[in-house]
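Worksheet for the structure shown next.
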Amino acid sequence: MLSIHDLACERGERLLFRNLDFELSAGEALLVRGGNGRGKTSLLRILCGLSLPAAGVVRWRGELIGKVHEQYGREMAYIGHANGIKDDLTPLENLRLAAALGGRDLDNATAMAALERVGLSRCLDFPARVLSFGQRRRVALAGLMTAGALLWILDEPLTGLDVQGVAMVEQMIRDHVVAGGLVIMTTHQPLALDGVTPRTLSVGE
Amino acid sequence: MLKFLFTVIRRDVLLAARRRGDWLTAQFFFVMVVSMFPLGIGPEPSMLRTIGPGVVWVAALLASLLSLGRLFADDYRDGTLEQMLLSPYPNTLLALGKAIAHWIINGIPLLIIAPVLGIQFNLPAEALWILVLSLAIGTPILSLLGSIGAALTLGLRGGGVLVTLLILPLYVPALIFGAGAVEGVFSGTGPEAHLSLLGAFLILSLLLAPWVSAMALKVSVE
Amino acid sequence: MNLYYYASPSTFYPLAGKLIPWFAALALILTVVGLYISFFLAPTDFQQGEGYRIIFIHVPAAWMSMFIYVVMAFWSAIGLAWNTRLSFVMARALAPTGAMFTFVALWTGAFWGKPMWGAWWVWDARLTSELILLFLYVGVMALQAAIDDPRRADRAGALLNLVGVVNVPVIYFSVKWWNTLHQGSSVSLTGAPSMARIMLWGMLIMALAAWMYTIAVALVRARSLVLERERQTDWARTLLEGKP
């Protein structure tokens, strides 16, 4: 479903990687590996369409992602280094706002259920400003669950999470892949997805 | 599509309402800059009447520049800008929504304050009315053109000063037509010609600015 | 496309190197000829005296200042549309020269204005537009200087450049409108309709000299920009190692 061809990326004047090819089908997970500064984040940003590659193309369902901005925006969800939540809004408001901007209706009950699932049921009424980093990460993950996307692009989703949090994310990823979804992610931590073996891709070697 | 536009506008207004302190700063800046001029020039009524429209307009330019720094910067820092750029709607719509929200938050208050400041400058009632009208047509231009500058300087060191450098020259036509409309009342030529030119400039900005600032946002978040 | 993307700078670099001396020589010859015409052959103006001779520098500089901005916008548009790096380099290489000519036009305008109007600065429509043009040049250069990543700097500068070029006619029109309302009688620098033929020649040759100078300087600047950006590539490495 997602295929990339002959991808190259540069930062400043430095070539991070080139001639990158791969294809990912439904129900597959891809783990992007590489040391710091090797271009993992750059690759992920190219895949979600935030950055333009120096050369090469990214296709979603056979179409260039630049051409199917709307469809791709509906079917893809991205979590980057920043959590993408507003400090002045409560977690609930954040989720509903993100859904509205994504063109989806999200009622209070569903949003609340998602927040409960990520373990935030006690913080629903506080502005996100007072939450810890890990808790804000959980808000972003709740947003991911309610986004209803087919392709998840996750940049270091485990940073800042405690042991239960990591287990929760692993469970989320496994469920998503088993249900036929696609996941592309980076992490420096060991990942235990029992039953699902992610493919790996090394960049910048 | 329209729903997305309204969501973007509603979001920014809501966020501004949660941070009223920041918002009030820009309005008081406007009042203070205007009030400095009589102190520097002297309280002679006919002199004040001559410079009044120009002073209010220049202060409006500066006040709009002051608030532009935050137009995209906060969203850029917490990652919500990325998320909005990835939403399934054209980015031009996002840029337009942000500019409209900026106008609602920072432009409309100026319209309400301006007559009071006009009275300080001895402007007659008819001129006050034209001043508000010229600001009503002109301040959206400031928000639209300003959004280009804010998008281009996103995340740069000294971005605030840089926005001023990039955008002030582009504001020149709005300043000339806007302040000129009020002077047209005094000189007897009437404000109509100025106001229609200002309107034409607004249409041009409305057509081009959201499109350019959407491209600038893409360049800046890369 | 891809081939052009990588190969073009390596062919541009030596080609520009060969062209620069020719343009520089032409610029020098034309300047000498032009200055000779303007200072020795052109007759003294019976109204303005010898002071008018400053227009032989002022007018070509003003022409160039506007023209270079448009040329920059042209390269910017090409660069944004086809993602060609060399176009961005050209746009960037032209900016300082354009700003320099704008400054020269303002400076000589002031010199001309002192004996003619009795003031160094008059808010004449052309001079005011020229001043705002200088602000636009400064804006583009400041933006490009503030951005570290060359790719982003190129694109951001190009976008600002395009916005500027759409705005320049509006600005010029608005300033002119403002000027006629406030001054009544307009005093303008290029007022003399019955210009002696030899004066026109002098001006044209000076304008041509300014062209040649601009091309030569822009090529020099573009060459060093290309080399700086391509220093990681093979051709630039061999070049740099070959010349100690």
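Note that the chains take the letters A, B and C in the order they are written out, and that residue 1 is the start of every chain.
Everything that follows uses one rule, which is that contacts are C-beta pairs under 8 Å (C-beta built on N, C-alpha and C of every residue); 3 or more make two chains touch, one makes a residue touch a chain.
None of these values were measured; they are calculated from a predicted model.
Chemist: Which chain has its Cα centroid closest to the overall Cα centroid?
Modeler: When every chain is reduced to its C-alpha mean, the one closest to the whole-protein mean is B.
Chemist: Starting from the Cα centroid of chain C, hunt down the chain whose centroid lies farthest away.
Modeler: A
Chemist: Would you kindly tell me how far, in whole Å, the mean C-alpha position of chain C lies from that of chain A?
Modeler: Measuring from centre to centre gives 48 Å for this pair.
Chemist: Once you find the CA centre of chain B and the CA centre of chain C, what distance in Å lies between them?
Modeler: Once rounded, the distance between the two centres reads 32 Å.
Chemist: Taking the mean of the C-alpha atoms as each chain's centre, how many Å separate chain A from chain B?
Modeler: So the centre of chain A lies 36 Å away from the centre of chain B.
Chemist: Mind pulling the chain C residues that touch 2 or more other chains?
Modeler: 151
Chemist: Using the touch definition from the top, which residues of chain B touch two or more other chains?
Modeler: 222
Chemist: Could you check chain A for residues that touch two or more other chains and list them?
Modeler: none
Chemist: What residues of chain C sit close enough to touch chain B in their complex?
Modeler: Residues of chain C touching chain B: 80, 132, 135-136, 138-139, 142-143, 146-147, 151-152, 155-156, 159-160, 162-164, 166-167, 170-171, 173-175, 177-178, 181.
Chemist: So in the complex, the part of chain B that touches chain A is made up of which residues?
Modeler: Chain B residues touching chain A: 3-4, 7-8, 11, 14-15, 18-19, 77-80, 82-90, 221-222.
Chemist: For the complex, which residues does chain A have touching chain C?
Modeler: Those in contact with chain C are residues 10-15, 55.
Chemist: In their complex, what parts of chain A are in touch with chain B?
Modeler: Listed in rising order, the residues are 45, 48-52, 69-74, 76, 78, 80-89, 97-98, 100-103, 127.
Chemist: In the complex, go through chain B and note every residue touching chain C.
Modeler: 145, 148, 152-153, 156-159, 162, 165-166, 168-170, 172-173, 176-177, 180, 183, 187, 189, 197, 201, 204, 208, 212, 215-216, 219-220, 222
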